[in-house]
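Quick heads-up: structures coming right below.
In what follows, chain A forms one complex with chain B and a second complex with chain C.
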Partner chain A sequence: MKKLIFLFILLSICSFANSAFAKSIAVIVHVENPTETLTKKQLIDLYMGRYVAFSDKQDAQPLDTFTPENLRTLFYKRLVNMPLSRVNAYWSRVRFTGRATPPEIQQSEQAVLESVANNPSAIGYVFSESLTQQNKQGIKIIMELYE
Partner chain B sequence: MNKSGLLLRLAISIGFAAVFVGFISSQIFFKLAYQHNQDKTQANIEQLYDVVAPTANIAAYLGDQELAKEVINGLDNSQEIIAAAFESELFSIHSDTYQANHQKQTEFIVTSPFTPSEKLGKVIVQHNLAYIEQDSKEAASFLSNSLLIQALVVTSIAIFIAFYFITKPILIIAKSLHSLNPGTARRLKKPIFHDKSELGNLVEDINLLLEKAEDQISQERLLRSEIEVLEKRFRLLFENSVAPIILMEPRGNILLTNNAFKTLLERIEQPIKKNYGPILSELFETPELLSRSVNSAFLNDEIAIGEHRLKFKEQDKTIWLQVVVSSIVTDDLKSYYQVTLNDVSKKRDELDELSRRADYDALTNMTNRHAAEKQIDQLIKNQTPFIFVLMDLNGFKQVNDIYGHDAGDEVLIFVANQLKQLTPNDSIACRWGGDEFVLVLKNYNQSDLEALAEQITMRICKPYTLISHQANVQVGLCMGAAFYPYDSSHKPELIHLADKAMYGIKAESKKKGGKNLAFSQSTDSLERKYE
Partner chain C sequence: MCALLLLPSFMSFSAERISLSGFGNFGIVYSNSDIYRFRTDISRDNDNFEDSLDLNAISSLGIQADISLHDDFDFVTQFIYRGQKKITLDNTLSLGFLRYKPAPNWELRAGRTQLDLYLLTEYRDIGFAYPWAKVPTEVYGLLPYRSLDGADFTYFLSNSGLDYRFKIFAGESSSTIALDDENVELAIDNVLGISFELSQFDWTFSLKHTQARTQNNISTMADIVAGLQLIPDVIWPDKATFIDDFSLVNKKAHFSSVGLKYDFGNITLLSEFARLRSRSSVVSAVKSGYVSATYNFDKGQFFYTFAKAKSDPSKFNDAVNIQRFLPNQVEEIILAVNESFRVFSPNQQTHSLGVRYDFKDNIAIKLQVDQSNIDAQGGALWSYQGMNTLAPKESFTTLFFSVSFTF
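Up next, the complex of A and B:
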C-alpha cells in the first residue's frame, strides 16, 4: 500500500512537470455566434452528437484537430474524462446507426481557427496559449477547460 | 409369499419409506431449485445487462431507437428473459410479449454514458418464470427419479439381505422346530453365518429350553409310570376287596364302588342305583340309628364304626354289616364319605348261638339251670307267685350202665321233649343237671300241679324203645314242689325245700303206684306241726 502511495505521488510530480497538463483549452465559436457561454454538459452534448444545434436553434458543427499532438486527448479527458480510444469506440458504435456523426477533424489548430472564423455554426477548441491577437480575429471564447 | 411375511412387510415398509422420502425430498428440492434458479436468473440477467448497458446508455443518450431495439432484442434472446422494455425520455420500446403486471421483473436505470449521475430512463427485464419452473421441475424430477431408482436398488438389496440373513435362517429354524418333539434328544442347528448373531443366540436359548423340557418330560414320564403302577395296585386292592367299598358325596350320590358292593346288592336282590340316601340309609333297617352314630362320630372327629342290620334279607337270612364311614376332605375343600362294609352276619350268628348256648342245655335243648335261675330271680324280683318243682328220674342210672351214655342221652331227650310238650307256655321247663329237671309254673295251684304231675308221670313212666338199641327201657319219676312266696321268698331255700320234699318220697316213688309228688312243708307249717 505504501509503495502504491509513493508511486502515485511520483506520478503526480511527473505530471506537473509536463507543462501540457497545465495548459488550458479554449472553446471557440464564430464571433457572431449568439452563444455567449456554454455549460460543460452542453459542450458534451454537442461534441458527443446528442445535439447538433446551439440553444438558439442555430446549427452546431463541432471540430476536432489532429495537432498539436495531445490537444484532442487532453480535450476529451477534460470533457468526459475518457481516453481517446473510448471516445473512438463510442463513435464507431454510434456511427453504425447513422443517428449521429462525430466532429469533423481538422489538421491543425490553425485550420480550426480558420474554420471557426469562417463558419458561424462551427465550434472548436485550441490551447489558450495558441491564441494571439491576430488569430483571435473573428472568433470568441465561450469557455475554457482547465485541468 | 406369505401375506404377513417378514419379507413382504420389509419390502412394503422400505418401498413406502423410499417413496415418501423421495416425494418429500423432491418437493423440497424443487423449492430449493426454484429459488436457486431464480437467484441464478437474477444474477444472469444482471450480468447480461452489464453487457448491454453501454449500448443502452448510448441509445438513451442519443435517443437512438435502433440501438435501443438492439438492446431489447439482445435481452429477449436470452432464455431466462420473457420480455424487456426500454423506457426513456425520448422513446419507449417494448418487446411483443411484454405485460404490464409481471410477477418478477428487474429494473435497470439507464444513465448518460458521460455523466453517470444523469438518469435517462430505465430498462425493465421480465423474468421467464415458466422456464425457471420448468428447469427446476426437471431438476427435481431427475432427483426424484434417481431417488426412485436408488430406492428400488436399496429395497432389492435389503430384501436380498433380509432373505438370506434373516428370513431364510428363521424359516429353517422354524421348520426344524416344527418337526421337533419336545422331550427328545434332538436339538436345533445354528444357521450358517449366525454363530454369534441374535439368531444364533435364539437357537441356543431354544436348545436350552428343549433341554429343560426334555428333563422335565422324562421326570414326568417316570413319575407317571410310578403312578400307573401304584394306581394298578390300588385298583387291584379296591376291586378285589372282599368288603364293599363305596365313595360317595355326603348327600348320598355314589361316585365309586367296587365289585364287592355289586355282589352284596345281588345277594339282597336290590337294583344298582346311583343313590341310596345318605350313608346308604335306604338299605338299612335302622337308618336313623346309623345316621345318628355316624354324626356323633364325625362330631368327635372319629371314624364311624357300627354294626347295622340290612333291611333286605338274603333268602330270609338277616345280614349284619359292620359299617365304617370316614369323612375325606380334599385339597379343594370337597367333602366325601368313604364307606366300607364288612359282612359280620356269621359272627352275629355265632354270637347268637353262643348266647343261646349259655341259656340252653346242649343235649336236650331245654333251658339250662343257669338260665332258669336267672328267670326265677326275675320272677322273685317281680314278686310273681310260682311253684318250683324239682324232679329226678328213677332207674336212669341203670339205663346208662346197661346201654351206655348214648342210650342215657336218648332217654334224657325223650323226657325233655315230654316235659316241653306238657308244660304251659308261660312256664319254664329246665334240665337242672344230670337226670334232674325243674319246672317253674306261674299262677298254679296245688291241684293244677297234681293234674300236671299225673300227666307227666303217665307219659314218662311208660316203656320207651331205645332207637339205638332196639330195646325197651322204663324210667320212673320223683317230684318235689315248693311254693313261692308261700313256702319261701328266697330262692336257695325254695330249692332246698323242694329237694327235701322230693327226697322225702324218693324211696316210695320207686315202688309201683307209689306217690311220686311231694309238697314242701313250709317252715311255718313245720313249726305248727311240731307244736
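Up next, the complex of A and C:
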C-alpha cells in the first residue's frame, strides 16, 4: 500500500512538472509594432544585448519578469539553453564592460503586458495561457517558445 | 575623466533613468611555495611572505551606475576596489564614459573605458563572469593596464547568420608596476587598437591588436642609463646603441591576441594565444596562451586549464662585446641591467583544475587547484623577494577559494 501511495505521489509530481515545462511562452510586442515575427536568433540578439533592435532597425526595449516563478528560467532555458546563473554570468561580462544593459525586470506578467501595451518599443514574454481577450488588448504575439 | 567632470551639469536636467549594480569577489589563496607569492598581475604587490593564506590577492568589489540621458546618449561609471593600498579617484575609476548611440549597429564612447587588449581583459576583475577563480595568469599577469582614457568606435553587422563586431580605440593609460621593493608608474600613450569579433551565439572568434608607446623608464633604469653612460667608449664602443635599445622612453609596444570560444552541448572550449613585444630590450618578446575546457551542469561548471608563458629575455653579454676586464662599478651596472631584463620575462606553465557551483542565480562559489612550474629566473608574474637573476626554479601548488556575486 505504501508503495502504491509513493508511486501515486511520484506520478503526480512528474505530471505537474511536465505540465509546467510544457507551457508555451508567448513573445509579445505593441500592437502597432510593425514586427510580425522574429527568428530565434533575432530574439537571442535582443535578449542577450547583441543587437537590441527590431528588423526595421528601431530600438527595442526587452522586458523580463520576476513572477510567476519559473517563467524567466523557462524562457532563457528555451532561448539559449542556459540556467539563469549562466545567463547572469553572461550579462556580467556584457554589463560591467559597458557594452549593454540587461532587460528591465518587471514585477509580474500583468506589468509586462501593461508596459508592452503602452510602449511601441517594448518586447516581453508571458505564459501563453495567461493571455485573455481582455489583457491582449494593445499587444500582439510575434513568436511562441515551446519546450 | 573630462566626461565624468561634465556629467553633473548634463545629468541635472536630462537624466531619464539611473540603474545601480555591482559585483564582488571574496577570495582566499593558499600556496605551498615559500619563494613565490601569487598576484593576479604585475601591478599588484604581495609582500605577505609570513602567512601562506592570502585574503587580498583575488578579492575585489565594484559598483556601477548606468545613466540614460537621452534617446541617443547614456553615461556609465564604475568604481572597483581591488586591494589598492592608496585609494584615489584615478585608481578606482574603471569606467566613466559618455556613449553616443544613434543607431543600434554603431556607437561612439568617450572618456574612460576598459582597455580591450586581449579576449578577457575587459572583465578580468569580475569573478562572476567566468568559471575560474581567476583568469589565466600566464596571459593576463603581464598586463598591468586596466583602463583607457580616450575614445572608441564600435560597428556591428549581422549577415547570413554571422555577427561581425569591429572596434577601434585610441587614448592613453597608466599603471603601477610592483617591483621587489617599490611600486613604480609606467605610462603608455599613443594607444591605438583594433578588435574584431566574428560570432554566433555559441561561438566567438576574436582578433585583437594594439600598439602603444611607453613614456618613461621605471625604477632604477634612469640611474642605470646614467651609469652606462659613464663607461668609457674605449671599453664599450657600441654603448650608445645599447642604451637606446635599453630605454623604455618613447618605445613602441605591441599586444596581439587571437582567441576562440566554442560551446557545444555541455562543453565549452576556450583558447587564446597572445604575443607581447616591444622595441625596448627590457620588455622581451613574450608568447603566451591557454586552453580551457569547461563542463557545464545545471548548477555550475567543472574546468581544466593549461596555460603557458614563454619569453626570451635579453642578456647583457649577448648585446655587447667588451674585451677588457671590467672595473667593479661596471660589473654592478651590468648586474642591474640583467636584473631589469627579467622584470617582464616570465617562463612558466600551470595546470588548473576546479569547480564553480552557482549557489544562487547571482552567487557562485569556486574552488581551483593550480600546479605551477616556474623556470629559473622566470617568475616575473609572481611576487618574489630577492634578485630576479637569482630566482630559482620552483614547482608548487596554489589553492584558490572564492565567492563571486553580482547585485
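Throughout what follows, the second predicted complex is superposed on the first by the 130 of 147 C-alpha atoms of A that agree within 3 Å, B and C clash if a C-alpha of one lies under 4 Å from a C-alpha of the other, contacts with A are read in each partner's own complex, and residues count from 1 in each chain.
Note that contacts are C-beta pairs under 8 Å (C-beta built on N, C-alpha and C of every residue); 3 or more make two chains touch, one makes a residue touch a chain.
On a predicted model such as this, the values are computed, not experimentally measured, just so you know.
In this superposed model built on chain A, chain B and chain C take up the same space, so to speak, and clash. By the touch criterion stated above, A:111 is placed in contact with neither chain B nor chain C.
With both structures placed on the common chain, the touch criterion links A:101 to chain C but leaves chain B unconnected. Legend: residue contacts after superposition of the two complexes on their common chain; A:141 is shown touching neither chain B nor chain C.
More residues of chain A lie in contact with C than with the other chain of the pair chain B and chain C. Judged by the touch definition given at the top, the superposed model places A:41 against both chain B and chain C.
Of the two partner chains placed by superposition, chain B and chain C are both touched by A:80. Of the two partner chains placed by superposition, only chain B is touched by A:49; chain C is not.
Look at A:57: by the touch rule set out above, it reaches chain C but stays clear of chain B.
Judged by the touch definition given at the top, the superposed model places A:131 against neither chain B nor chain C. For the superposition on chain A, the stretches of chain C under consideration are 9-17, 27-35, 45-53 or 207-215; the one running into chain B is 207-215.
Chain A uses residues 41, 44, 48, 50, 80, 93, 97 to touch chain B in one structure and chain C in the other. The part of chain A that touches chain C in the complex is made up of residues 41, 44-45, 48, 50-53, 57, 59, 80, 83-86, 88-89, 92-93, 95-98, 101. By the touch criterion given at the top, residues 19, 21, 23, 62, 64, 66, 71, 76, 78, 95, 97, 99, 103-105, 109, 113-114, 122-123, 126, 128-130, 156, 158, 161, 163, 200-201, 296, 298-300, 358, 360-362, 364, 406 of chain C touch chain A in their complex.
On the side of chain A, the complex with chain B involves touching residues 41, 44, 48-50, 80, 82, 90, 93-94, 97, 99-100.
For chain B in complex with chain A, the residues that touch the partner chain are 54-55, 58, 61-64, 66-67, 113-115.
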